[in-house]
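First chain A sits with chain B, and in the next complex the same chain sits with chain C.
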Partner chain A sequence: MESTQPSAGTAILQRGSRRPSAPLRRRVQRLGTPLLLLAPALVILIGLRLVPIVDAIRLSFTDWDGFGAPRWVGLDNFKALIHDDRFTGALLNTLKILVALPVWILLPYLVAWALHNKIFGWRLFRLAFFIPIVLSPAVIGVYYGLVLQPQGPFNELLRSVGLGGVARAWLNDPTSAMPVVIAIIVWSTFGVGVLIFLSGLSNLDQEQIDAARVDGASAWQIQRHVVFWQLLPVLEFWSIIIMIASFTAFFPLIYSLTGGGPGFSTYTVDFALYQEAFGNGNLGYASSIGVALLILMAIVGLIQLRLLRGRRA
Partner chain B sequence: MSSLADGAPRVSLPGGRRLSRTATAAGVWLIMATLAISTLYPLVFLTMTALRTDDDYFANPAGVPSHWTFDNVTTAFFDVGLGRYALNSFVVVVAAVIVLTVVACLAAYALVHFEFPLRRTTLVVVVAMMALPPTVLMIPIFKVVLDLGMLNTRLGLVLVYASLNLPFSIYLMTAYMRSVPVELLNAAKVDGAGTLRMLWSVVLPLVRPGLMTLMTLNFLILWHELLFSLLILPEEDSRTIMVGIVQLYGQFQTGTGVISAGLLLSVIPPLLIFLLFQRDIARGMTAGAVK
Partner chain C sequence: MGSIELHEVTKSFDAGALAVDHMSLQIPDGEFLVLVGPSGCGKSTLLRMVAGIETVSDGRIQIAGRDATHLPPRDRDIAMVFQSYALYPHMTVLENLGFGLKLQKVPKAERERRVADVMRMLRLSELGGRRPGQLSGGQRQRVAMGRAMVREPAAFLMDEPLSNLDAKLRVAMRAELARLHERLGVTTIYVTHDQTEAMTLGQRVAVLKDGLLQQVDTPHALYHRPANLFVAAFIGAPTINLVRARVERGAIAFADQRLSLPDDAPLPPQQDVIVGIRPSDIELADGASPDHPRVDVQLEVVEDLGAETNLIFSVAAPRVDVEGADLAASDDQLLADDGRTMFTAHVSSGPGFAVGDRVTLAVNPTRLHYFDPGSGEAIAIPERALSAA
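Let's look at the complex of A and B:
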């Protein structure tokens, strides 16, 4: 993240004196132009980002139906939250995606590595893998809804290769619904991961790799001791992206694919937040789900940074 | 190329290794091929299902249509209103992309090429906002729009869309604008160019690839957006295409062919953008990784 700031002295105009004795009028003038340029962005970001953050926390201590004025209820929402089976179930469902993490990280890496090494047919593969990027999560949801119908093409395919016993109503079966949803999320995002790893691979320091090869390192050793360390920042970036995605990317898919069902077996935290607020009209209570989600993301984010930085040190 | 045939123990070791390497390569290729089929299939499936009758589809869902028809496409476009929803999406998304481009360029220009108090802090706050997904803020954002009296207005959704992608847009543009040499700007200043004049005639031509990336990526992301268009434009007249499709799918009487045609329709604009601007999109998605 440190690289997001310009290195000292790059491209700064109006670098004039910073002496405190500079006349006030000139300092105001110097601030005036950039402030005017920034004004539209500041209005939008303060109004629709910073104020909402504060408001999200304030509303979580209220009872609000979306029409009248929010009524202060103190910690009641959070007390109710702990005993809400639907919420704890949603939390568990959201955390189930952790099981898929190794695949979610390794699959794009493997694919990127193969593409980078110009595997047979790599141009066609590259084009094909980016198609999910063009499909919106809502479209993907509806598409898989059709394909996974009991009489749909996926079950047909299974039956035609003699796996008819596996065929089922994938999305109406509480045991299979959540794994299917997770698989679809990994499927729909791996193309982005491939892109990110590809750009990392194309920036590899080839000299180090050649040197290792001359020293007699095996392909696996080169991967493990040279490529891995060079790609660590990219890996870090990708894992942060999927961390954020795993908490908030479920909504459009759940909304279009399962509606949280069967029962509440695909209820995730972001879907619960929407459903409680705009389905059941409990906007105050739903705000406390939002705050819980924020806290959870902060905790997981911190653990993640710890792990990654720890490995690097 | 297998050297197993000659059977000499001395050669069998590298031969075996080569064989296992071939096996690994074949395994990797199989995984890739399976994945590629799974990502290409949506386009094949939707095209075929859109162009056949429902009876024909249910007779053989995984097969090729026995005869082709355009009925579903016309039904989807005209009768169930997806044509109008697509137009609604187009209006809102293009407006939001324009707002985003202008606002992000002005802000990035100020953040990169001017010195003022709290400049670094502003940059850090903007970047930090990228880590906070707006989904978490759906209730307060909805409340802001409600309080402004902009619920059910396109302007409300345009503003929300602008706010969704503004942190990333500013970040992307600062990355590009940093590469503009100060000397050029100073020269333009000596020639008497004003602040906006310098942005327009010196900076923007130099960051044109960045502008393309910014606009195509924002178009894709916003065209796909479901949650906030659901919250802010729930009424039928102004509904966006994603909301239209999901609600159509939820209705029992809608045929599979019509839904497929609708999905196909909604995929065409982003697919065109993708095919035309593939490089720009890839560049934008990886901007954070290499910087």
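Let's look at the complex of A and C:
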């Protein structure tokens, strides 16, 4: 007998023609809440990060001075960058900071290892190493500027222990200014590294270390063959953070410590960016420095990851 | 090859807690000894002390005749298999196997030969170039075993090496381990919390609780002659049935049951006891010896295992909880305590049983275990039953 009622399939087709199909509807419903929750963060990210980045890229091809309408100059800013001795000098200074990377990794690691093994007074040390993190870079800059004055407490200390010959105008001497700046930067940031390495060490697979001990590994061999590989993700993270910070984060400290001098011996790329944008009013040119930095950081970061991930499982 | 001797070995931690309390054990050359006990009983700590990974607070450890109490792990001539396998994730299978030999500066040719031999024996030859992350659980377990074997040590120490495997693979690997020990004959201390693993693998089994050695004996003796309530309750699956009882002339009475015993049945010298009856010592009345006392029960749960069936019924007596054993402290109890004790009879599968059926069961009186209710120590062990067992 033939049915005059529409079949179930027909009914579904009819419904489907008017409204989204059930799986699609379900998917939209499923995404609705997460998107709603992410919305504030996404708005901030897009409005304060993505849009300025895209705009900076656009401005890097202009000669905008911050007031008039930007004029398209093509690659002129980038060509000028290559021949800008001030910029290449600043880049070289930034790379000098980056050269300290091994110290930046090794020092926090050694301290973290000592704290992890609960050396005497480890709670106090942990707090002491953390203090620089909470200080403003400008405060650190001003503080060390005073401490390292020619007649400041540091030189006084050297003289009092018979090392007066070593005393000098640390921040006014082109040969010592950059090493001093690097030392202060390392000091001011290594507490973060200690914390990061400490968290890595607390998550070590102890059974692997025990296995290596049973296998006959010495303390150094355990570090090299077991701990190093387990900490590699932490190492990657920390070295990338340092690299990015070297290019972008130390301007306030250097500005308040040396002002980029003496001469331009502590003048770094982020300093150059600031100077071109807000000192010289070359916002288009400053944007091209920003874009160049972005590309440089991507290249250096990729090289770092490639070196570190060589043998990771 | 090497024997292992523990003399009054003690481990105390900072808080003063004793993880291992004056433990003495002699493990002859070539023996497979299993350390078994519930979590926190000190079995892994003891193994780690033998390995040299954990320091010894007091006592002495001898490996292959020499004092190893304070020797570093590398000088003890032992190899260890860990619960997580502890393979080096950045090394290939080949490198994992050869790492220990490389550290010991074994010549390259010798190293390669030994690694190849072990790979062949453990069917790892095809996996040499893979990293642990690319292996299945069973393959990783074999690599971990291989890493220990390639060292050709005086003793193997194994810390729950099968616990990360799924149930089926665990059973298969258990048999493989037994075969491997048979072939290599290397002294082995094996830690597990799984009494089935302990009973099937160990030539002798040491039962630990709260850092104290409860009993060390063959699996057969542990099952049939438990030294105390804890061992009786911990060893055996299904778990032993325990009930407070009163020994009267020619009978044992508990709750609403009264087991009349034959005249020659061994009886404890005291009246108040805890009686233990292994589920396998309760039979269906049909076919049981006419001397065996009968009990009529109503089935509350029927577990049909195929060849055997667990018949579970209750008796009107309060539970006997054994501290530290698996059945203890109501952890195995889902429903509220109704003042009754669940008993299990492990019988051959016959005609279908159903919940609610009334069944007559027979208890073998020579296989009863008696324990002192105060101390929990075994009393009047039925020797005649043992000879029959």
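The rule we apply is simple: the second predicted complex is superposed on the first by the 274 of 313 C-alpha atoms of A that agree within 3 Å, B and C clash if a C-alpha of one lies under 4 Å from a C-alpha of the other, contacts with A are read in each partner's own complex, and residues count from 1 in each chain.
One rule holds for everything that comes next: a residue touches a chain if its C-beta (ideal position, glycine included) is under 8 Å from a C-beta of that chain, and two chains touch if they have at least 3 such contacts.
Note that this is a predicted model, so its numbers are computed, not measured.
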Partners on chain A (chain B, chain C) - clash or fit: fit
First (chain B), second (chain C), both or neither touched by A:187: first
Chain B versus chain C as contact partner of A:89, first or second or both or neither: neither
Touched partner set for A:33, first chain B, second chain C, both or neither: first
Chain B versus chain C as contact partner of A:293, first or second or both or neither: first
More chain A residues in contact - chain B or chain C: B
Touched partner set for A:56, first chain B, second chain C, both or neither: first
Partner chain(s) touched by A:260 [first = chain B, second = chain C, both, neither]: neither
First, second, both or neither for A:108, with chain B first and chain C second: neither
Chain C versus chain B - closest C-alpha approach in the superposed model, Å: 12
Contact set on chain B toward chain A in their complex: 25, 28-29, 31-33, 35-36, 38-43, 45-46, 49, 58, 60-62, 102-104, 106-107, 109-117, 119-120, 122-124, 126-127, 129, 131-144, 146, 159-160, 162-163, 166-167, 170-171, 174, 177-178, 180-182, 185-186, 189, 195, 220, 223-227, 230-231, 242, 245-246, 249, 256, 259-260, 263, 266-267, 270-271, 274, 278, 281-282, 285-286, 288-291
Chain B contact footprint on chain A (complex, rising order): 1, 3-6, 10-16, 30-31, 33-35, 37-38, 40-41, 44-45, 47-49, 51-53, 55-56, 59, 66, 110-111, 114, 119-121, 124-125, 128-143, 145-147, 149, 151-153, 156-157, 160, 187, 190-192, 195-196, 198-200, 203, 233-234, 237-238, 240, 244, 247-248, 251-252, 255-256, 270, 273-274, 277-278, 283, 286-287, 290, 293-294, 297, 301
Complex contacts: residues of chain A adjacent to chain C: 205, 207-208, 210-217, 221, 225-226, 229, 311-313
Sites on chain C touched by chain A in the complex: 48, 51-53, 72-74, 78-80, 82-84, 86-90, 99-100, 103-104, 131-134, 147, 151
